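Read through the structures below before going on.
Each of the next two complexes has chain A plus one more chain, namely chain B in the first and chain C in the second.
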Partner chain A sequence: MHYIANGVKEALRIIFSADPEFLAVVWVSLLVACISTTLTTVAGVPFGIFVGRSRFRGRQAVIAVLNTLMSLPTVVVGLLVYSFLSRRGPLGGLGLLYTRSAMVIGQFILAFPIIAALTVTAVRGLDERIDLTVKSLGADSRQGFRMFLHEARFGILAAVIAGFGRVFAEIGVSMMLGGNIKAYTRNITTAIALETSKGEFALGIALGIVLLAVAFAINGSLVVMQKKAK
Partner chain B sequence: MKRAMLTVLAAMCAVMQANAGETLRLATTTSTYETGLLDHIFPPFEKKHGVKIHIISVGTGKAIKLGENGDVDIILVHARKAEDKFVHDGYGMNRRDVMYNDFLMLGPKDDPAGIKGMKSAADALKRIFDRQQTFISRGDDSGTHKKEKLLWLKTGLAPKGKWYLEAGQGMAATLRMADEKNAYVMVDRATYLFNKDKLRLVKLVEGDKLLFNPYGVIAVNPYKHKHAKYELSMALIAWLTSPKCQDMIKEYKKLGKQLYHPNVADPIR
Partner chain C sequence: MKVYELTGIELQRGGFRLCIDKLHFEQGRIHAIAGPNGSGKTTLLNLMGFLSGPWRGRLDFRGNTVVPSEQTALPARRRQIGYLMQNPYLFNTTVRNNIRYGLDVRGITGQSAEQRVRQVAEELNLPELLSADAHRLSGGEAQRVALARTLAFKPDVLLLDEPTANVDRQNIRAIEQLVKTLNRTCGTSVIMSTHSSDQAYRMTDSMISMVDGKIAHAGYENVFSGTLRLGNNAVKTVSLDQGPRIHVASGTEGPVTVVIDPAEIILSRKELQSSALNRLHGPITKTEDVNGSVRVLIDCGILLCALVTRRSYADLGLNIGKEVWATFKANAVRVL
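Then we have the complex of A and B:
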């Protein structure tokens, strides 16, 4: 217990002294996760709305595939993207392996099914009568759509938050595509792995505390969103 | 709303790219990186050339693969045979010796296999094999792993069984595992000295000539990979083999002990 207590004490010191290496790592996590979540939201939410509202052949299949892809193992995504981005791979000429961009690409693939599928759920969960009600009140299709979005906002926000949570806390993609390069692609999860392998538990614990804090914040806001979406 | 989002997105992408000054990608072993040596000897070069060296720290086998694929510009590894093949097959150019140290075998204080003080590392491994004492292998095709395999070859034995555990991880992680399990392990002297104060394992076998551990740096062949930053790599090789850097390597110590020996002037092969 002494061992763990000492680690936690040292971890708190690292956090409150704004240790530069610690901050650099947290920054990379935030930066990459925010960018990938933003891109995924821009692509995934409209896609989810479309799938949720339209009727087309194969719609059920699309929804089923999205739901399955939500639990893609991160190392498998990492492996797949790695094989494409390596110089020997088809996209090798772009020189993207071991860059932040590569991490964003991998995280996009991880988050897309989540944001899209949960948006579909949010959209389908809305009372179908909203469209009719809004039309009967004289709204044109554009106004109707905005009303619809307004009603769906919490469900969609929950989808985005869930997507962010997934990519912020993962390690498979970050490690394989980012390469854990100090001050560049080393984020919270890859740093924890490295520090633990070196036996440097204090820094690992400090980062773990941040990760947990963010995870709780995410879960907390998700609960709030989902309550409001009802 | 849309315009605001686009501006934010553009700003984020700009921030991401802002970091991209000139970079040089180096693949190296965990045993050089985890001891902090590179963080010590690279900054003067980075400052002088306005370059950031991106270090990808993996096992030697993977580092060499990255060099073959052209995913990096230069490699710093420790597996002479594999390095020579790398150059011979046309993937690398201008291999140079940089530094050396040696491997040792660590084990539990009470040494159940009874290898303490043995002069031959291969014989020590044989005894561990005979007594089925837990041994943690790197198992990752790293320079350390290749050396271990070479020693097993000398014994004529193929290690297998519940006692022979292949960690598949870097040197520090493997050492941690061995320490946790109070098992035998082979480690390079630098990683050992760097972690000594955290270990309960003790030094049991050292000094065998076969445990000699030289490191070499090789530039990726620009004729094979047109994008490889050859001139910058050669500049880094020049720095690593320069008297100033060689002195910095000699002076790099942990707990008062020298971790690596310069190998350019009066090289030991």
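Then we have the complex of A and C:
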């Protein structure tokens, strides 16, 4: 127990003294997760809106696939993208393996089903009277769509936050595609794994506190969004 | 001038069919559409609000024929009218933003929009609610906000689908008064649906009633269902459900809905000897003053409504509880 208490004490020191190594790891996590979430939002939200609002053959199948992929194991995504980006793979020539770009690609694949599926749910949960109401008030299709987005805003934002939470806390993709390179691709989760295997608990605990704080903030935001969406 | 003119309109919605041979609404007047639930009032208002289609037949709006295929032009047409839908949806924002929406889509913004919002909020007793979250309002408050949103942009033509549903009695009168004032001072043409014939009578003397997607011109009163039978010498009678049998001039055998125009019913203290085949008898249960006439309800197995002049009412010495005879021709009964 003594070493855990010492570890926590040392972790707090690391956090409050803004240790450069600690800050570099947090920075990589935030940077990569923000880029991948932004790209996924740009692709996943319109896709979710399209699936949620349109009536086409196979729509239910698309929704079922998206829901299934929400629980995609991170190591499976890591393996899949690795096979494409490795030197022998079809995209090996691009030299992306063990780069932040490779991590972004993997996290994009992880977050896309979550953001798209939750957007579909948000859109389908909207009141059916919205379209007719905006039309009855004289809105054209562009103005009507803008109001539709306004009404769906909390649900869509919740989808984006959930996607960010998923990529921020994942390890499989970051480890397999990023390679845990110090000050370049080493992020919070890969650093915790490394420090723990080395028996250096202090930095691991400090990073764990940051991870928990972010998870808490994300869950808090989701609760607020869900309340506002009602 | 006619604000709407419908000729040979047919509109299919799932299993429901709206079928109107000929109907028009005058500009600058209040018209009421009465009828039971599912009679087609909302479908008719949606059609006139350019919200449903495609339809067959001819729909003229202010002298211009509207064709269902002109989808891109429909928003411009909708901006010429204010349509308060039944069970309206309020956007997930403040009451103020809800009321502003119709102004925003018409390009009215800034100070003039805010001034208009405040004015309409005052008229509908809503000023304290302007900053409130629209989704936290009671049913009656939400209905008034929706009406304020429709009135904010001062439409020339107002379509109101059950405008006082869920509203408390005090505010019902305020809304009715406001609509009447708008009609009188601004010349706004109003077409409103209601399931309350009392409200229809309070608002206007121009009322049509609907049954099964068709117009039953006589008004909401005296709409009964029964079974039509052909007797000897092709005499047609309808046995009303839980009521008397009446003579009719048209219709085919089987279940039917009949409508008797209240103005076509003659009241007398003694049985009239005349060519009219229908003579029903019973006590008066209710009377009401309506735009210079008296609406008399008689319990003669069915609750029959007759419309008589004040003078006739006084001359006959009619009153609640008095026994009267109601006489009307078979031709006065419309079979739907």
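Here, the second predicted complex is superposed on the first by the 230 of 230 C-alpha atoms of A that agree within 3 Å, B and C clash if a C-alpha of one lies under 4 Å from a C-alpha of the other, contacts with A are read in each partner's own complex, and residues count from 1 in each chain.
Rule of thumb we're sticking to: a residue touches a chain if its C-beta (ideal position, glycine included) is under 8 Å from a C-beta of that chain, and two chains touch if they have at least 3 such contacts.
These numbers come from a predicted model, not from an experiment.
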### Task
May I ask you to decide whether A:151 touches chain B, chain C, both, or neither, giving the answer as first, second, both or neither?
second
### Query
What is the contact status of A:199 with respect to chain B (first) and chain C (second): first, second, both, or neither?
first
### Query
After lining up the shared chain so the two structures overlap, which partner does A:130 touch, if you call chain B first and chain C second: first, second, both or neither?
second
### Task
Once the structures are superposed on A, label A:97 by its partner contacts, choosing first (chain B), second (chain C), both or neither.
first
### Query
Between chain B (first) and chain C (second), which does A:138 come into contact with in this model arrangement: first, second, both, or neither?
second
### Message
Which partner chains sit in contact with A:184 here, chain B, chain C, both or neither? Use first/second/both/neither.
### Response
first
### Message
Looking at the complex, which residues from chain A come into contact with chain B?
### Response
31, 34-35, 38-39, 42, 86-88, 92, 95, 97-98, 100-101, 104, 179-182, 184, 197-199
### Task
Quick one: which bits of chain C touch chain A in the complex? Just the residue numbers, please.
49, 51, 75, 78-79, 83, 85, 87-89, 91-93, 101-102, 104-106, 135, 149-150, 153
### Query
In the complex formed with chain C, which residues of chain A make contact?
127, 129-130, 132-141, 143, 147, 150-151, 154, 228-230
### Residue ranges of chain B touching chain A (in the complex, touch as defined)
5, 8-9, 12-13, 15-16, 19, 25, 34, 39, 52, 54-57, 69-71, 169-170, 172-173, 176, 195, 198, 225, 227
